[in-house]
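Look at the two complexes coming up: subunit A is in both, with subunit B in one and subunit C in the other.
== the complex of A and B ==
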């Protein structure tokens, strides 16, 4: 048996080799480089000075006003909120997409994917036209209707950033959940209803727990994309919304403090990983019977 | 417990008429099978009774109360699905408890009834298992227990044995029938397997293309088929073109057929000039030495198959028809032998051509 599988396994390694090589060259190595960079001594005249230090991390974590930790917390919070809104908006849509046999569902698919079809900058300017504080579509309409005097602040704050992020990341939530629901037998809902469950209870007790793997995948995608997003917070948040990626870019490109920027980026990566791991540990309890 | 009355039930999907003006009364405690080939409307009828399909027109009443406007969860039904539809994320006990929870039954009572239902289906020790840890037959019994533990007004079964192997399927027929008798629950059973329908049912509804050709007890369906397609769907049949010459008595008629003059049992209407097919079940035809008797025909033995307890034969008659018949296994005739077939008039029936 083992002798028969050995050549097959060698073949599998060969097949995976190009992808592994690519990942090593363009992901693992740069990441390691960044970790090393974060321990280098900062320099004002060079990328870094000779020698290694933990001073960068002390600066990030030990700042007297907890400035960087506060930004980290706000970044993670934005991640939670965006993920939650995407989940609440996305689940019903995903359910509909998975269960609908209508000829219009193809069109709905196209709508769901449409945020991905336009470049991020173009999409942001679209939102600016709608949300802008004085002459934006919403505020000027409300003012003409006489419902407001000045304007509702929809941009250059957390509201605008959250709207923009939800818009672009919604497909990343909907698609995995749709795939998960499609693999759930519709007869399960009928069985639940034959046993006395209302339509919503049937979905809550059968579809929702069985769709947890899809919800996990979608949530992780949206969360990770949100806490690492840069363009949307900058364009829709302006100077009022400062997130970890914004800080990292400032350190790397404006202040040229590569070791400090690397330390900031690494702290964000660690924090994000911990959150995702905690999330998986907690949600895996919900799917005890389905896997393993 | 519950009578079901179905009046002029019609269900149309886009261009196809799935069920066409079906009338059916199901009595208290009765076991009725909907039998027919795939696409005949039997499952659609069941799903209309369950409430998963909305009838295009017609009425469905439980104990005289119209239920067409009720959701499935408001009809107090127990349903067993072809693939069982057990909740994969719940243990067997949780699967059974689900319907009771929905009815707000107290947890001690849920525990008691769940345990009893599991004992009834002989799965007393399996409460803590997940469905995927059970064999197909065990899953089938869990599905049955889940449907009856809520003590529904009506039990609906949609081809529940179709996914089991032949031997288990045979056993489960008797098990389900026994359980239904014990619990005394009104039951509607959908199947395309005539053997299942015969063994289990008080009455059978034979459906084709949305129409119920015949509704009656198994013996009646088999011995006095209402239409040619019922006769050919249920069991095997030889059909002989026949024309009624005269009525002999209320139950018998004289016929002319290509095989010669024959006598047949038939109590239905025989309008003059009506064309019939004489239905001859293979087991109703015997090989005889008496070539001159009533209801005999000649033929050459063309095929013979030894089946252990019997010999399945096919005779080529003088006018070229193939007739199936069942001979005793010790019949010594070889292929090519000239034989005489004989049938008793009381074991025949006529159907419209």
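== the complex of A and C ==
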């Protein structure tokens, strides 16, 4: 038998080789190369000069006005806010989707998926039509009603960016929580209710604790997507909202300061990883508290 | 008590409806704006017109980028599906001790922020070009169709992989054993038994790869060639400075491409088989 399986295993490598080759050559190597790039010496005439330095990181972290650290903090804060709003809006919807017995539930699922499957530029443009400061749907309608004279600033500021981010990343919160709730036995809630708990208490005491893994996954997805998003802040925030990804792309494409841009990107990536790790440590303690 | 609970239930229902509406509104608005005759969408709309579509179809920049995107997405789908099927078969069937590590490697493009991968590729294409220049040849991944294509394949590969892996996991191995015991060799067994059974997974993975590649932004922004732009990039450049509804017509066509693909998925394998 072992002689019969050996040729299969030997040939099986051929199935994996193209994909593994691609991932090694064009993912692993480029990331290692990016680490090297962040330590290269900046140059004004070329994208980098010979030699290595830690000056790029010193420039990011040790800027006199703390400019870059301030933007890092604003980027992470926006990540917290967006994640929190997505959780508040997403949990009830996920509960509804998971427990829905109606024949429309496939359609509802498609509703939740639909924003995910349409390009981010298209979705942002939809919000531009609605929110635009002078001629946006909301402002022009309010003006026509005579409720306002000029306009309410809804775009080119943090409000517009937050609305766009919440809308675009909400499905990433809803889908993992829906999956988590679907795996919870509905009889648990029924038992709680038959013992006299109100509907809300039953959900809070049975569903919510058991859905924590889904909440964890959804929150991390939304947070990471938010702090690394480029299109939404640029289109809905204009020049008034500057975040780390915007800054990185500026350094790379406009200023051609590649080593510095690479260092900026890594500072963001490391800060993001630390936040996610802290969040996991804290919420895992919460899970142990529930089950233990 | 019962009144309070009924009120609470109504509030919950209203909240859920509002969130569904929030998810859909921008998409509906874009479609409505594209058929509105005015320069801006007002309430009530000014009248029906297809002039924004005429403007779109007359625009060489938009039409060129539409075909460029369709080409790119089609090729990306082809490569991602072939590579994804191979690696999924290997990981589920043959991988030994390294299975989890291989899974992680294939899913990495999904776990890493797309913009970081784009930056890494931008640097890498530049650096290897240097090396090859020094060796006296030119590879030309930088600012080229092929460089962009590799980026798209990387990002879509995990989706194909997940979809086909799932199909392989729900697979009754005894069917293959039956075929083998009836005298079919490995290749006939694969072609006649394995492939037809995992076909839904392959189709939904491939179509998902198409949609994702068609809408991909960050990779295309950093790796695009000079003078060539994908549709999302062209649209981005347009709506940055100009809000006129030509962009709405372009967006609606882009939504239609997605809807068409989804209809194909629903017809062939059912929407439920789309996995993220």
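Note that in this section the second predicted complex is superposed on the first by the 262 of 292 C-alpha atoms of A that agree within 3 Å, B and C clash if a C-alpha of one lies under 4 Å from a C-alpha of the other, contacts with A are read in each partner's own complex, and residues count from 1 in each chain.
As a working rule, a residue touches a chain if its C-beta (ideal position, glycine included) is under 8 Å from a C-beta of that chain, and two chains touch if they have at least 3 such contacts.
Everything quoted here is computed from the prediction, not taken from an experiment.
Asker: Subunit A superposed: clash or fit between subunit B and subunit C?
Answerer: Subunit B/subunit C on subunit A - fit side by side.
Asker: Of the two partner chains, subunit B (first) and subunit C (second), which one does A:232 touch, if any: first, second, both, or neither?
Answerer: neither
Asker: I'd like to know which partner A:87 touches here: subunit B for first, subunit C for second, both or neither.
Answerer: Neither partner.
Asker: Per the contact definition in the header, classify A:155: touching subunit B only (first), subunit C only (second), both, or neither.
Answerer: neither
Asker: Once the two structures are placed together by chain A, how many degrees is the angle at subunit A between subunit B and subunit C, based on Cα centres and rounded to a multiple of 10?
Answerer: With subunit A as the vertex, the angle is 90 degrees.
Asker: Going by the contact rule stated at the top, is it subunit B or subunit C that touches a larger number of residues on subunit A?
Answerer: C
Asker: With both complexes overlaid on chain A, does A:19 touch subunit B (first), subunit C (second), both or neither?
Answerer: It touches subunit C, and subunit B stays clear.
Asker: For A:269, decide between first (touching subunit B), second (touching subunit C), both and neither.
Answerer: second
Asker: Determine, under the contact definition given at the top, whether A:198 touches first (subunit B), second (subunit C), both, or neither.
Answerer: After superposition on chain A, A:198 lies in contact with both partners, subunit B and subunit C.
Asker: Quick check for you: in the superposed arrangement, does A:257 touch first (subunit B), second (subunit C), both or neither?
Answerer: neither
Asker: Of the two partner chains, subunit B (first) and subunit C (second), which one does A:118 touch, if any: first, second, both, or neither?
Answerer: So A:118 only meets subunit C here.
Asker: Please work out how little space separates the C-alpha atoms of subunit B and subunit C at their nearest point after superposition, in whole Å.
Answerer: For subunit B and subunit C in the superposition, the minimum C-alpha gap reads 7 Å.
Asker: On subunit A, what residues does subunit B touch that subunit C touches as well?
Answerer: 198-199
Asker: Could you pull out which subunit C residues touch subunit A in their complex?
Answerer: 5, 8-9, 12, 15-16, 19-20, 22-27, 29-30, 33, 39-43, 82-84, 86-87, 89-91, 93-95, 102, 105-106, 108-109, 112-117, 119-124, 126-127, 150-151, 153-154, 157, 161, 186, 211, 214-215, 217-218, 221-222, 231-232, 235-236, 239-240, 243, 247-248, 251, 254-255, 258, 262, 271-272, 274, 276
Asker: Along subunit A, where are the residues that touch subunit C in the complex?
Answerer: Checking each residue of subunit A against subunit C gives 8-9, 12-20, 22-23, 26-31, 33-34, 37, 47, 89-90, 92-93, 96, 106, 108-130, 132, 135, 137, 140-141, 144, 167, 170-171, 175, 198-200, 224-225, 228-231, 234-235, 245, 248-249, 252-253, 258, 261-262, 265, 269.
Asker: Looking at the complex, which residues from subunit A come into contact with subunit B?
Answerer: The touching residues are 185, 187-188, 190-199, 201, 205-206, 209-210, 287-290.
Asker: Can you tell me which positions in subunit B touch subunit A when the two form their complex?
Answerer: Against subunit A, subunit B makes touches at 50-52, 71-73, 76-79, 81, 83, 85-91, 98-99, 102-103, 130, 146-147, 150, 156.
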